[in-house]
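The structures come next, written out as structure tokens.
The same chain A turns up in both complexes below, where it pairs with chain B and then with chain C.
Moving on, here comes the complex of A and B:
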């Protein structure tokens, strides 16, 4: 037996293992029924506030709740990725397998999205019915949610790799997801935000996405320049975040 | 053997439990700047949102709501700390073999988490005083209500934490319980604007009494609106609910088993 012979190399494409890991992560997440159910609590609170105190803004809050629910997926990705790496130390096993680092990141994210899609679907249906949303507006909202998901999952995954213990992740994750998801005009209309800061809000994927969806639904008139600004910034933010996450996934999978 | 019955050495039976736990609370927030802000963020975010969408006259009521919601949230943090120390750090075993009893441990963690909430109380008190005149009696009632809710919800948090089997359960269970309770007892919302069914349910929750006592005392009720059952009875019901609830939670709390 020739021990000096090179080990056989495993041929793999860039996305080897993606399907298997989506299935794995979906099964893992579906055990967290309570977590899936509670993922809608903050949105429900805002809907109650608006329903009791300012019913005229209910359409904006509904659309914002759909956008926020998708944005929250990033927090789940962050927690799950940190959990696998820090607590279970399973990521080393995954990275030693034929599965590629980018398939690991994307498989985890899509698996989580599938598990948590029911609350999003419920809110989406409620928005489509109550706002109401036309078919083109629905399609645009789906596209916006897609970009939102890519952005938030990528950022969530990258953030998760910067921490060494689970306890220290939580405060930073709370700050990040609340500052981007709740403070800007996501649950409330853009015109209630300070006028000087409104273009800045459109640069954020969350409030920009919500404004685009509300504009398509016909409840938030926007100048064409602002529509372009929000669309371009959403696409650029999602693309940059995705490329960054793929690069980062490959980089941190190497032994150091 | 002479003196065989005497212990080899005497363990100290009394210690400075609360200062020690207060130090733990202080160290957590002083070492981790985000940890100072994150726990108190949610009440402020709700307040910010309500300031934008609701009539300005309701803002003082909403500030009081944020203070009481922060207090309820302490229960959530107690749940998180207690579960983390038990499941991840296995620290609870150390406390169990120490002279500290389970009630001392409960109050210790509650004190530790109160430290993290203090900045929020200071900011909200200043905000409240800047938007409405608060009589000194109302301050006393506010502090008393916060104290009762603090003990009650800390006890609930620690009781539930002792039943959790995985760290993954901490966040959803805490979030579900404490946010739901904070919404069902209308801390941020004027109870007189709610549907009658909701009002009826709310009066079964101690947080509701804390809210109506302080709102009445500050003078935030509109003319012709009465809430609760009179201030003395409301205070009595809040105290009874807090004592009974704490006793029940302590009895359900598993200490030293398994």
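Moving on, here comes the complex of A and C:
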């Protein structure tokens, strides 16, 4: 034993372990086949309701379902992060290591996204054919979904760290689902929302994203000012949430 | 090269009470661990062991005090020392949907090891922990002890220069514990440093080159297990059940240590016959054995390590 030997050199970057942790989380999530398969059950039920009750709005519901399915990834990040922190204490294993807190947060989020992307792809493909979406509209929808994912995963991760037990977290899933998904015009068109509140709806990442996607698909005409408002709002929300989550991940990696 | 793996000075931690009084979990703890040492923090539940271990391993900020790891300030710049650490968290569990092999392998990959190194180290650690037969079963199907061994295997496979192990053998059977102890000895022989917490006296004695007795957020004693046993004042322990009534006479043979209604007389071979006669005369049961760490703990802390009060 040579106790005077220098410490081993550790190659470390901000993203050390990111790929490996994405793989870890993906392996874990892929065991939840039923959860993945049923992850769009609410969206499917809404599609059936709208198809029966107001068929003329079905294309809005379809696009909204794609946007909201991506948004739901954040709730899964929130629950997974809280679960492995509170129940498994695995965040301690990973934080006291060369892996940075931001790699941990992002690895978990991307792993969950990859696991749950198949149902989203099904909805996306259905939208592309049934709405239908042009290639530029598809590309724009992908960009919108990317921003939705960044926003929602970041917020979900931050929220997950605020609680000491899982029971306290459950109500937040319900709150987010209804506040971001059911009430604002995500599954129904913006013009059915009260006129005075329509600009406010554009500020929400879900309803704003859905409006942008529907506009790109040519089914929801929007004034240019509203397009700018929704776009800027989505980009700013996603950017702020991501920066906030990275800051928070670093801070929370050592509890106070 | 800094010969000290860990140096903590005057570490205090106050948990802010939420609707209740603040709790001082650590009251100025100072300790040092040299490279290659195996050190135990021995104490009852709630003594402050885990709080100290979490602070030292950069997972919890202290209220005040300093912690250096390999000469670097772990309080001001925790990320700079984290590559040299690995932690077995208290009551940690592996991912339920990973096998022990996957858990250890993916963790090593996340720490930046190559595929080959991660595979060989994971296999070796699982073998050391006696998990080879269940290495490809999902953790959700394993017993509590096997899951705990998976956590230990995952961490020892890193061979990180400084390992923090919080109650690493909790829930394990005696065979498994001995296997874990052996692997810890191998690691320190390779140059790794280990700081572990335990409330198992036999574990502290079997494993530690030095140990610290912790109670109510303070370090009350430090030394080898033999040092601490010697400090009790004798080599033999005569335990007299319900011996309070004759405690005055017993005290003439050596220091007394009380554990519930049992009075332990710490003595040598010289007074043995008289003490046993005294107990027999009072119609009390007395047993004789060597002084153990239990008596040292009782003498230092004033209560048994199993006393939950």
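Going forward, the second predicted complex is superposed on the first by the 243 of 256 C-alpha atoms of A that agree within 3 Å, B and C clash if a C-alpha of one lies under 4 Å from a C-alpha of the other, contacts with A are read in each partner's own complex, and residues count from 1 in each chain.
Here is the rule we go by: contacts are C-beta pairs under 8 Å (C-beta built on N, C-alpha and C of every residue); 3 or more make two chains touch, one makes a residue touch a chain.
These numbers were taken from a predicted model, which means no experiment stands behind them.
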Query raised in the report: Taking the superposition as given, does A:97 touch the first partner, chain B, the second, chain C, both, or neither?
Result: second
Query raised in the report: Given the touch rule stated above, what does A:17 touch, chain B (first), chain C (second), both, or neither?
Result: second
Query raised in the report: Where does A:87 make contact in the superposed view: on chain B (first), on chain C (second), on both, or on neither?
Result: both
Query raised in the report: For A:135, is the partner it touches chain B (first), chain C (second), both, or none of the two (neither)?
Result: neither
Requested in this report: Based on the superposed arrangement, let me know which partner A:196 touches: chain B (first), chain C (second), both, or neither?
Outcome: neither
Query raised in the report: Looking at the overlay, does A:5 come into contact with chain B only (first), chain C only (second), both, or neither?
Result: second
Report task. Give one of first, second, both or neither to describe whether A:27 is in contact with chain B, with chain C, with both, or with none. Result -> second
**Report entry** Partner chain in contact with A:224 - chain B first, chain C second, else both or neither
**Finding:** neither
**Report entry** Doubly contacted residues of chain A, that is, touched by chain B and again by chain C
**Finding:** 32, 87
Query raised in the report: Which residues, counting only chain B, touch chain A once they are in their complex?
Result: 32, 34-35, 37-39, 41-42, 45-46, 48-50, 52-55, 58, 84, 88, 167-169, 171-173, 175-176, 179-180, 183, 188-189, 193-194
Query raised in the report: Taking the complex as given, what residues does chain A use to touch chain C?
Result: 1-8, 10-12, 16-17, 20-21, 23-24, 27-28, 31-32, 84, 87-90, 92-100, 107, 250, 253-256
Query raised in the report: Which part of chain A faces chain B closely enough to touch in the complex?
Result: 32, 34-35, 37-38, 41-42, 44-46, 48-50, 52-54, 57, 79, 83, 87, 166-168, 170-172, 174-175, 178, 182-183, 187-188, 192
Query raised in the report: If you look only at chain C, which of its residues touch chain A in the complex?
Result: 1, 3, 34-36, 54, 57-61, 70, 78-79, 82-98, 102, 106-107, 109-112, 138, 151, 154-155, 158, 161, 164, 188-191
